[in-house]
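Note that the chains are named A, B and C in the order they appear, and that numbering of residues resets to 1 at the start of each chain.
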Amino acid sequence: MAFGAMMALAMFSTVAAQEEPSVDDTLADLTVAINMVWLLMTAFLVFWMQAGFALVEGGFTRAKNTGNILMKNMLDACVGGLLFWATGYAIAFGLSGDESNGFMGNGNFFLSDFTSYGSWMFQFAFAATAATIVSGAMAERTKFSAYLIYTAFISGLIYPFVVHWAWDVNGWLTAFTDDPFMANGYIDFAGSGVVHMVGGTAALVGAIVVGARKGRFDGNAKAVTKPHNLSLGVLGVFILWLGWYGFNPGSTLVVTGGFADVAAKVAVTTTLAACAAAVTAVFWTKLRTGFYDIGIILNAVLGGLVGITAGCATVDPWAAIVIGAVAAIIVPFAIQLLEKLKIDDPVGAVPVHLLCGAWGVLAVGLFSTQSGINVAYGEADGYGLFLGGGAEQLVAQIIGLAAIFAWTAALSGICFVGIKAIMGLRVSAEEEEEGLDLGEHGLNAYDLSTIHNAVEPRFDSAAN
Amino acid sequence: MAFGAMMALAMFSTVAAQEEPSVDDTLADLTVAINMVWLLMTAFLVFWMQAGFALVEGGFTRAKNTGNILMKNMLDACVGGLLFWATGYAIAFGLSGDESNGFMGNGNFFLSDFTSYGSWMFQFAFAATAATIVSGAMAERTKFSAYLIYTAFISGLIYPFVVHWAWDVNGWLTAFTDDPFMANGYIDFAGSGVVHMVGGTAALVGAIVVGARKGRFDGNAKAVTKPHNLSLGVLGVFILWLGWYGFNPGSTLVVTGGFADVAAKVAVTTTLAACAAAVTAVFWTKLRTGFYDIGIILNAVLGGLVGITAGCATVDPWAAIVIGAVAAIIVPFAIQLLEKLKIDDPVGAVPVHLLCGAWGVLAVGLFSTQSGINVAYGEADGYGLFLGGGAEQLVAQIIGLAAIFAWTAALSGICFVGIKAIMGLRVSAEEEEEGLDLGEHGLNAYDLSTIHNAVEPRFDSAAN
Amino acid sequence: MAFGAMMALAMFSTVAAQEEPSVDDTLADLTVAINMVWLLMTAFLVFWMQAGFALVEGGFTRAKNTGNILMKNMLDACVGGLLFWATGYAIAFGLSGDESNGFMGNGNFFLSDFTSYGSWMFQFAFAATAATIVSGAMAERTKFSAYLIYTAFISGLIYPFVVHWAWDVNGWLTAFTDDPFMANGYIDFAGSGVVHMVGGTAALVGAIVVGARKGRFDGNAKAVTKPHNLSLGVLGVFILWLGWYGFNPGSTLVVTGGFADVAAKVAVTTTLAACAAAVTAVFWTKLRTGFYDIGIILNAVLGGLVGITAGCATVDPWAAIVIGAVAAIIVPFAIQLLEKLKIDDPVGAVPVHLLCGAWGVLAVGLFSTQSGINVAYGEADGYGLFLGGGAEQLVAQIIGLAAIFAWTAALSGICFVGIKAIMGLRVSAEEEEEGLDLGEHGLNAYDLSTIHNAVEPRFDSAAN
């Protein structure tokens, strides 16, 4: 429809219908239109986070594995897309007849209900995020094929259940009902728990099952952990930050009915948490190591963003700053803890997504304001402990946190152990040594050898 | 106007006018507003594809030519912008008096009609896409000046005619009329044919006229075809995929009048086609070569996106998956074919844009549903052959395909042969050998020599 | 609110309220919704410019300082965000009681007024832009700590005053009043002066106070000024160009009340100015040096974008082309001038942002049309000198320009000289020599040593 001259017509009439539509019909049409623009544009921003994860993971690992890790990040979205179409969305939100149960959805497999298209697009982008978190923790030694099989399970099965529990009105953890299991139910506005803890838990389990990289704890650790390309890593964090403006504000899903103001608030709290985390990490790393540690600072930014994701709609800006600052300190401690436990997580996926995700879930029970819950979820029944709202919301958060962790750890454990037993999870020692780019893909990611660096710029820029 | 306090005022009144506007006026204003937001935001996403093309083409060619190919990608948008302002938009959509003819528009040169600004912005971004496809196929040996002259022709002349034929209500191929030349007319929702076949055909002609790179068929081919920077290439594909969410869903042009649902459907079909193409290429390349071939997988993603572009609004999600999977197999066969014909297309522009573009145009005639055409184009008169809708739509698609190919091949042929005769199309053999960055721009794209890689990280990250 | 089933509900009812809202309430809600979507999405695009500045500055400096300059670009947004929350927004737009004075705002410190959230998000992104311009001019020799302290001042103090003067209805320079100080007041639609001249002036002062890099004027200049990574630089310019579509069109702030058409016009003038600048620089550099100088061309694109920023809503497309072309010629002359004055600005921040910013401010007084001012600012009282609108608007522009330059030069001078005296502004000569990445951050930005480039691609792509 509607190119060129048609478009001009359509844009200057209210709708392109033959008969004049009623005011109510036009209002309904405009409401759908504005909400769809918001839903799709924010979904596209969330999809963009795939590129951010790819670059962060690529930049912070070694050059000989770059192509492999980048492609894992792209392919998990692709495998995940097909599985989320086949089963994932159905398990999360599907309705057979009038109602689903508290444990799983039960209809709309293969996206049979066309009224779900906008919602599917948005939820697919979230599913892809949960899946892609894992690749970083298992980088530089996991088989391409084994990783892709795992991503089918998390996108099509493990993650959708958690979504149903927390974000479907019929889920047992849901906050979107008049009859929640406790207080206001489990509140997780954009998914510190639902998305990041799921990804981070699977990342932890995967890193344990696949084992540490050669040399990580039994050789020259610094040679193993040197980032190969900080420019990629920093750009990746900028991309993720931008994508988070789809992730968090977009989780209003609608901007009518007063939710435009919620979206604006979420943009502010998201921004301030990231800012506070970065500044905290600057001080922290300088005081502890004498250097402004770029890896820690970047992970702190991501940790701050993960931390504010659950409470972005229900906490005030000052609390967002506190949440971000605490996340920034969680990150280095968690890195040290993994170091002591000899768990090898090359890019810090577990500290950022599991630990800061858990912190974000708890922070909802500590810092949420009564008015914040009222506006975003309806009549608050209990709110932040630190603000005098009692402990009940915190307990609800702990229950949700425990359920998400236990479910994901159990199922991803079965999944990784099964893959390891059946087909092997890890590349050969020789392949790990020469790099997965050569071993799995038959080529190298970089070749600058055609440049003659002896030659200096030939033009005289002063002659311009 | 509307900064600061003014803005608050404006946002909380319906319009900032002195007198209370009528409900009808307000509805009309809101309709214009929401559609303009959609049109502009998707146009910006399409513009962003310029960066994606630049990185894919830069990443997959040699380091000594990087600056040159990146700047060609930027400058073709710039030359194209000026030409599309002067003549391109006028030929595509211009009206002198009441009507243009079926062959070309005839008014609004130099954008004299200010009501076209939003439409111009959107269409400019598409024109820039058509133009920039060509640079990849002619990379690493084409003169900067010659390339820029060619881009003036495609943006200001060759491409706009095709747009007029297919997308202007008065065009002879148009699907936006009650009296199409056949079935529903030529259906190409977002331009598998109008944009990608035009770019891909010109790319083929350009690659033939300029000839193969030194060593490509007469030396060590692998040394010539090694990508210099896969990170750029993968990021470029992510950028293009994101931009495609402007390209395809944005081609609804409006989101009112029920088109919000069409936009959502298009986002879903676009996503699934890309996912299916990637997964297909993973299997395909592993089975055929023993490696997960990154170059083929990335080009398959792009091929899947090109393939779904024509039918994204009229086919169902399952068909999008089929279309993407077939595109993924077209790509490697087309690469082999070019190899046999000794046509040197360094980045696979011809397989992706010409061949998958043609596949996308045909797929409309095979897979379009009756309801899909009804919703997007009004009362369907024939639909997909495979769905029982008869062959007429397929014939209309073949006619459109043939017309676009013949026109573009003829005009771009004249253009390239003319440039070759008058000023030369190709750099000297010496310049090709040392690289176009030094020869045309007087510098190198990379210099990492200031880094002392012997030095290991100085801080102890465990001390954080 | 409103996930899954809830969302479907919400999207297909006009608002999710219990009682049917009135038509007027629904219209008001829709107006807020559409304007908030526009404000937030364009704010996100402006935030994205941070990544663009980082890559341009990183790409055009030496590899040994890459991590440092990238992190400065990220951290100035983070420090700036906290300060803009604490004091910046309050000084710019804050109201205590009914009114602020012409010099500064006086309320809403720490964002106490929640109705400002959307506006804060948008204005924060602009503040971050003004701050980050400076890092480029002081690159490769400025202490990380000193730079961060400076950014606190510009974001929390220096810049917000200028915003108040020009963009708050109570500011003494404002164009948003019936009683401006002269003609229509100082017109600067998106901030050629307010943002870019502030950043560019501080950049000039900073570059002078910190002094030139070693070897820049006393050694082999070409070795110092070689870009280390053109791919980053070009990508950065694409990112900035995309971000500018938030910066300029987004400065309508609203799209209702007829402003949708203004936004579309601004997108067109912004595009054409960038295109004209690029093409002009291609000719200019080829004629003057024999090469297509990539650095100059990229800076010309940015200069064209800076130049059109003030007048994007009030000049016609043809004038945008002239403004962009002139900016392209200002850039190389300004670079030569700095060279003669021995002021070392590694990335051309002063030519692009200060000089082209000043040109943009003046161009408003030369090229603005009467109808352009009428539509964007209400009843024009004088317009462009070259269009017969008299000199009064030009004088108003000169007054604004002088005030912005004097204020910023004075305060940033005090700031930089103070920092230099108290804690030192510059790293040690040894650290400058070995690179700031090792000195400040303890690591290198790149390590490609794990790649075995002797190995050629192993698969046979013809076998695919």
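Annotations
The definition used in the following text is that contacts are C-beta pairs under 8 Å (C-beta built on N, C-alpha and C of every residue); 3 or more make two chains touch, one makes a residue touch a chain.
Quantities reported herein were computed from a predicted structural model and do not represent experimental measurements.
Where chain B touches chain C, the two copies mostly use different residue numbers: shared numbers make up under half of all numbers in play.
Here the C-alpha atoms of chain A line up with those of chain C after a rotation of 120°, rounded in steps of 5. With each centre defined as the average position of its C-alpha atoms, the distance from chain B to chain C rounds to 29 Å.
Shared interface positions of chain A, defined as residues touching 2 or more other chains, are 23, 27, 30, 32, 34-37, 39, 41, 115, 118, 226, 229, 289-291, 293, 442-449, 457-459.
Contact residues on chain C toward chain A in their complex (touch as defined above): 1-8, 10-17, 23, 26-27, 29-30, 32-34, 36-37, 39-41, 43-44, 47-48, 50-51, 54-55, 58, 66-67, 70-71, 74-75, 77-82, 85, 110-111, 114-115, 117-118, 120-121, 124, 144-145, 148, 222-223, 225-226, 229, 232, 284-285, 288-291, 293, 295-296, 332, 335-336, 339, 437, 440-453, 455, 457-459.
Touching chain A in their complex are the following residues of chain B: 23-24, 27-28, 30-32, 34-39, 41, 45, 62-64, 92-93, 95, 115-116, 118-119, 167-170, 176, 226-231, 234-235, 237-239, 241-242, 245, 249, 251-265, 267-268, 271-272, 274-276, 278-279, 282, 289-294, 297, 301, 317-318, 321, 376-378, 434-435, 438, 442-449, 456-464.
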